[in-house]
Amino acid sequence: MHSPITRYLESVLDDCREIDGGAIATGNAQLERADPDSFAVALATVSGSVYAAGDCDTEFSIQSISKALAYALAIEDNGLERMLEATDVEPSGDSFNEISLESSTGRPSNPLINAGALAVHSMIRGDSAQERADRVKDLHSRCAGRQLNTDMAVYEAEIESDDRNTAIAHLLKSVGVLGAEPADVVDGYARQCSVDVNCVDLATIASVLANGGVDPATEEQLIDGAVNRHVLSVMATCGMYDASGSWIATVGIPAKSGIAGAIIGVLPGQVGVAVLSPKLNEHGNSVRGVAVFERLSRDLELHMMHVAPSGASAIREVTGEDATTVQLQGDLRFAGAESVLATVAKGVESGGRITLDLNHVRTMDDVARRLLEDAVVGLREDGHAVDIDDPHGVSAGTPRS
Amino acid sequence: MHSPITRYLESVLDDCREIDGGAIATGNAQLERADPDSFAVALATVSGSVYAAGDCDTEFSIQSISKALAYALAIEDNGLERMLEATDVEPSGDSFNEISLESSTGRPSNPLINAGALAVHSMIRGDSAQERADRVKDLHSRCAGRQLNTDMAVYEAEIESDDRNTAIAHLLKSVGVLGAEPADVVDGYARQCSVDVNCVDLATIASVLANGGVDPATEEQLIDGAVNRHVLSVMATCGMYDASGSWIATVGIPAKSGIAGAIIGVLPGQVGVAVLSPKLNEHGNSVRGVAVFERLSRDLELHMMHVAPSGASAIREVTGEDATTVQLQGDLRFAGAESVLATVAKGVESGGRITLDLNHVRTMDDVARRLLEDAVVGLREDGHAVDIDDPHGVSAGTPRS
Amino acid sequence: MHSPITRYLESVLDDCREIDGGAIATGNAQLERADPDSFAVALATVSGSVYAAGDCDTEFSIQSISKALAYALAIEDNGLERMLEATDVEPSGDSFNEISLESSTGRPSNPLINAGALAVHSMIRGDSAQERADRVKDLHSRCAGRQLNTDMAVYEAEIESDDRNTAIAHLLKSVGVLGAEPADVVDGYARQCSVDVNCVDLATIASVLANGGVDPATEEQLIDGAVNRHVLSVMATCGMYDASGSWIATVGIPAKSGIAGAIIGVLPGQVGVAVLSPKLNEHGNSVRGVAVFERLSRDLELHMMHVAPSGASAIREVTGEDATTVQLQGDLRFAGAESVLATVAKGVESGGRITLDLNHVRTMDDVARRLLEDAVVGLREDGHAVDIDDPHGVSAGTPRS
Amino acid sequence: MHSPITRYLESVLDDCREIDGGAIATGNAQLERADPDSFAVALATVSGSVYAAGDCDTEFSIQSISKALAYALAIEDNGLERMLEATDVEPSGDSFNEISLESSTGRPSNPLINAGALAVHSMIRGDSAQERADRVKDLHSRCAGRQLNTDMAVYEAEIESDDRNTAIAHLLKSVGVLGAEPADVVDGYARQCSVDVNCVDLATIASVLANGGVDPATEEQLIDGAVNRHVLSVMATCGMYDASGSWIATVGIPAKSGIAGAIIGVLPGQVGVAVLSPKLNEHGNSVRGVAVFERLSRDLELHMMHVAPSGASAIREVTGEDATTVQLQGDLRFAGAESVLATVAKGVESGGRITLDLNHVRTMDDVARRLLEDAVVGLREDGHAVDIDDPHGVSAGTPRS
């Protein structure tokens, strides 16, 4: 059976191919040689499925998309507090080619603009530009599930036109937020940006971010959960340069674009998405890439602010006369656990034995677990008999498979 | 039983009372009279529970928090496209008291700064300032579940010091983005901001936004779902002025602050939160309010980017020898439905009858429903017998209760 | 004899008529009706001669050119110190339609942009908008040597489109630098700008500024000398909006342009110049007006930094054997008087009687007078006999005629 | 006889020594070692006299003051048009440490801020940083009348902290306005700034600029007259960073300040002034230096906009019955020659022979000469007999000595 999802992705490409406009980025001689018509989309879920359509074998340099994982790595190397001294996390309101340093401190506005990314790269652990770039490449390789390679032609072309980055690096050094020498940082950052990927690689990488930093394929924690959450937050507010606000409003998927024409998007708990189409709009984002994301968001309801239909409840059934059985279901987080508590509190009035049936609960987070424990303790203190029916052990933190 | 959630909220207030600093806003003589020590927090869930601690009877003027629902109302009155011509939705990167008009068009950067809120107010349907303000007040009243009132002393003090808003209104008129006369708009906006609320009101209003625009108490759709989603997106990127980026990174809850010292936060699908503490930081946000939100986000894992534990699946069990039963569970959205599809595709290999058991599915959204239908059609075309066991009718769009 | 100066001015108009481009200002319905081809130049010397060519009978509203004398009047009314609190005197670097308030104080950058001019107008003595505007008109009338009138159609059209000025006035009030109510200030400023003048009027007014504030025709001091000097300084750095720097470099004449297409220029000690041609460039300055000024500056060496040929001296002749006669000549200021001192000091060596011959001195300023007195006192203390031959009394402060 | 001018300068230093505040510039380890109490003033006239008071033997590095002559040299090397493509001549409105590139072109705002000075240095003819810096040093040496030397300790300290200049140089290269490689330009500019001077050197250099580019001592034309005028114009509008407007208003002397605490001022046709006092204000200008200039401007009426007393005339006497003798005097420029023309035109009415007596004319510029020739031609065409009595040949362009 040909997957309906693949068929759907192909139809989206067909529709969006009609959109024209924008231009391939200038400045890097290698990037200028890209085929303007190459067009691809890939989608990787948190359960490990990958769907692709279009030119998914086409390789291109990762460019600014590398800023997200490089930032994650720098936080793991230095701690978040130290990194927030090096770069703020505010949208700059400036266009993609502005320098955007804070007037008071000289600190870059955020880690997803060039100034911030240079500061970030400089703080990655490593004795040389090569070593720092290799560590970033390795993290991308692990997330993508295959060894990625540096495109030396792109790197060399990058170095040919690195005056703006060199300027920024010296400015950063002059205000004390550069962890290495400017020339070295510019070199390492050029290497970091010159790693070749295809759309499936990027979607797979995005699916790790969507999955709380855990590789869906191997269940290995590749990025610390808190770091992963922080990086996604910054992608949500700063990932699409000065179009970030309207991107979140219309697409609603934390994202990062690159000058080669790719965009990755991460919908937490659901999917990673990647699109490639080299022609860019005035914000520096891929024209067709933006269109594809708008379609996916609308058609698949992949919007961060999309809410489950109202009226649904974590409480499945409440039965019994003198005994009360509360059947819980789904993913229990704060709001779900709270509704259990509220129900149980009412059940107390009628007296009798209370059974919490966790057979149909898929997952519980720590908060839900603590709230349930509180409820049980409270009920028992009030003299009630409380049973917990949890054959799969979800209340002990074992996720159901 | 005294709720553990209420006890928790009280302990958070106790802890945060030790934080000091900031100052009550100046400029409005009435606001300056606020008790700097008043401190309250309330939390309202999408299932309709409300928890409160501290001075929850203290009333204060809603101020800038009214910008969110006023924007929702203006979109419903004019359509989103028309509203995007009046104001952009980008974070300005400027501090809370900047004018922040786009240099090219004169359009305000976003609807949650004063310039944008004045443009928004001017476009709300109504023949007079009073009528526009009353319509905004009515929407707030319906969301809060009680009739709110205008504090005429605050309104009059507002009018005493309205030069900056008057200036902005004239600038907006000069670039053609004002729907009424400047003096009239400033008057109406002052009325809109002078509605008295308490913390429980605000949390209840926030719970409507958290619930896709549906009142948890009455299940009435008070705000259109798409409009509600758009407003939450803009709150996510622009709600906390020039601290919006770091707010989303650390707190992760779309929010809006007001000059009287209140903040509302909305975690889609879970809760609405409101805090009051009048002393403001340099960004114009309540000092203790920010601290309370940081605590709630951390303790209750109320972060937009928080992801359910990995490894969990929408597939409960796959059993059988010649016949295959796929038990689905939880809330089915794109990613969940996709995993069913992937499993079913594998099941096809082994041949035989396939049963989709929806007994334990809590909710499905349209995308999940369409994907399942596609899967069923495909399987039947391939010659398989497919049964759907859906006693609660979730596949027909009836949410489980 | 037809004056060669008039013939020259006519030839300049003929040459510059070939320059095209620019556009009549929009926004004021009356101004939009101006004849785009009207073209005039007038030149008035500090000795009272007036030369004119082109459409010198064409009347037009004075507009922003009124900012210079209004500022002079406000300084005379309030003192310079008080006025510097209301508006700074720095070029803003912004284009002509920017608001340009200082970020720290809200004070306008300078009195020759709209924000500054509104602050200035508000501080002119007078009980009403009408009275303030009348006082400015009266000063212009006295300088022009005829009673000027307000063009009520222009005033009314101005009031039709006053949103931007109203906005600025409210901003100024909100930071405390407005001396009257915003609506009143905007009204008075509109009246101030709507006074009709022709090119000869403007050149005559400029000749008063060129003459240290003294009317060349009547020798009456119409503007205080120190105030006059201050206003010219501000015209030098801020008069041509964000083209002020290149204007001083190429033309070198302190100037002020108006939106009706006129420019006045003032070369201290020499001439006042006025040009009219309604089509404006992107800086808001008359296209042909700028061209005419460039020609006049080059052809007539009317550049502030133009220096008299080197080697010339204030010392005419030094004669005698035991007696020394020092013949002085020209206009003695610091540098000239210093050269006399230096010569006299050398003369002292040869001993004998010293005669200072002031027969050919045209003028002396106070500094030159004091330096000569010092020299005489010193010489006499050293035992020399010193005579002063000053039949015209220039050393007593009586200028030679 | 001790000169009263020297005594006066000493008294000014004494008075201004009471002013305190400001701080020595940080960043260059050598500059930080300057004696904060060193204080000197020197004054050099266009007739070659030099007066000095205070620590006039103290040497310090020329720093930003070198920007003026470096700009003059670059114009002579490349032509003005080419230089205006490299840097604009507008005041930036930004503070002294801003980068201030034009947003549209990337061109520096003016040649007297660092960005402009780096662009200027890069375009000076020379095969190396050393050669470019040497050519600038040579021009300064010729103007100062002695061979100046580079302070290698200052240069090396400069190179230690050159990140900001390196950044700017790379930015300039990225927009195509750098005439050499960034590192090379930064090196050359550091050398250019590290030339040691004392206050007398600077005043002497300033006197060349005051004298139209001609050395008062040797009468050699060291800087082309038109270039000299252009450089003075830019010093008038941009020389004192973001305090340039108020400087011209209060002091009225085109000037340039340096980070070592010196300021030079140039009053065209009169004097060059230099002051040294190392502690700087928030604009980067010497605190006591500014105070001394304010005193000199006020006491000696050394203000660009200072005008000769009104009523004075270039016409000395008009005598005769049938014959008319017009005695001219002083320095004839446009306005003076015009008044002769006007008088002669009136003389024509009474008929008879006309004699122009040029015995008491000190200088005439080309414009005055042409106007007089026009007048003579016109009178002769009308049938008048005209004689010119010019024993000193001033009408032939020979200046009187």
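Letters are used for the chains, namely A, B, C and D, taken in the order the chains are written, and counting of residues starts over at 1 for each.
In the analysis below, a residue touches a chain if its C-beta (ideal position, glycine included) is under 8 Å from a C-beta of that chain, and two chains touch if they have at least 3 such contacts.
Computed from a predicted model, the values in this text were never measured in an experiment.
Steps from chain B to chain D, taking the shortest chain of touch contacts, total 2.
A count of contacting C-beta pairs for A-D and for A-B identifies A-B as the more extensively joined pair.
Ranked by separation of Cα centres from chain A, the top chain is C.
Note: centroid distance chain A to chain B, computed from Cα atoms, is 21 Å. The mean-CA centres of chain A and chain D are about 60 angstrom from one another, to the nearest whole unit. Across the assembly, chain A contributes no residue that touches 2 or more other chains.
Residues 161, 163-164, 166-171, 173-174, 182 of chain D are the ones touching chain A in the complex. On chain D, the positions that touch chain C within their shared complex are 1, 3-5, 45-47, 49, 88-94, 109-110, 210-212, 214, 216, 219, 225, 228-230, 232-234, 236-238, 242-246, 248-249, 252, 254, 267-271, 299-314, 316, 329-331, 333-335, 338-339, 341-342, 345, 348, 360, 362-363, 365-367, 371, 374-375, 378-379, 382, 399-401.
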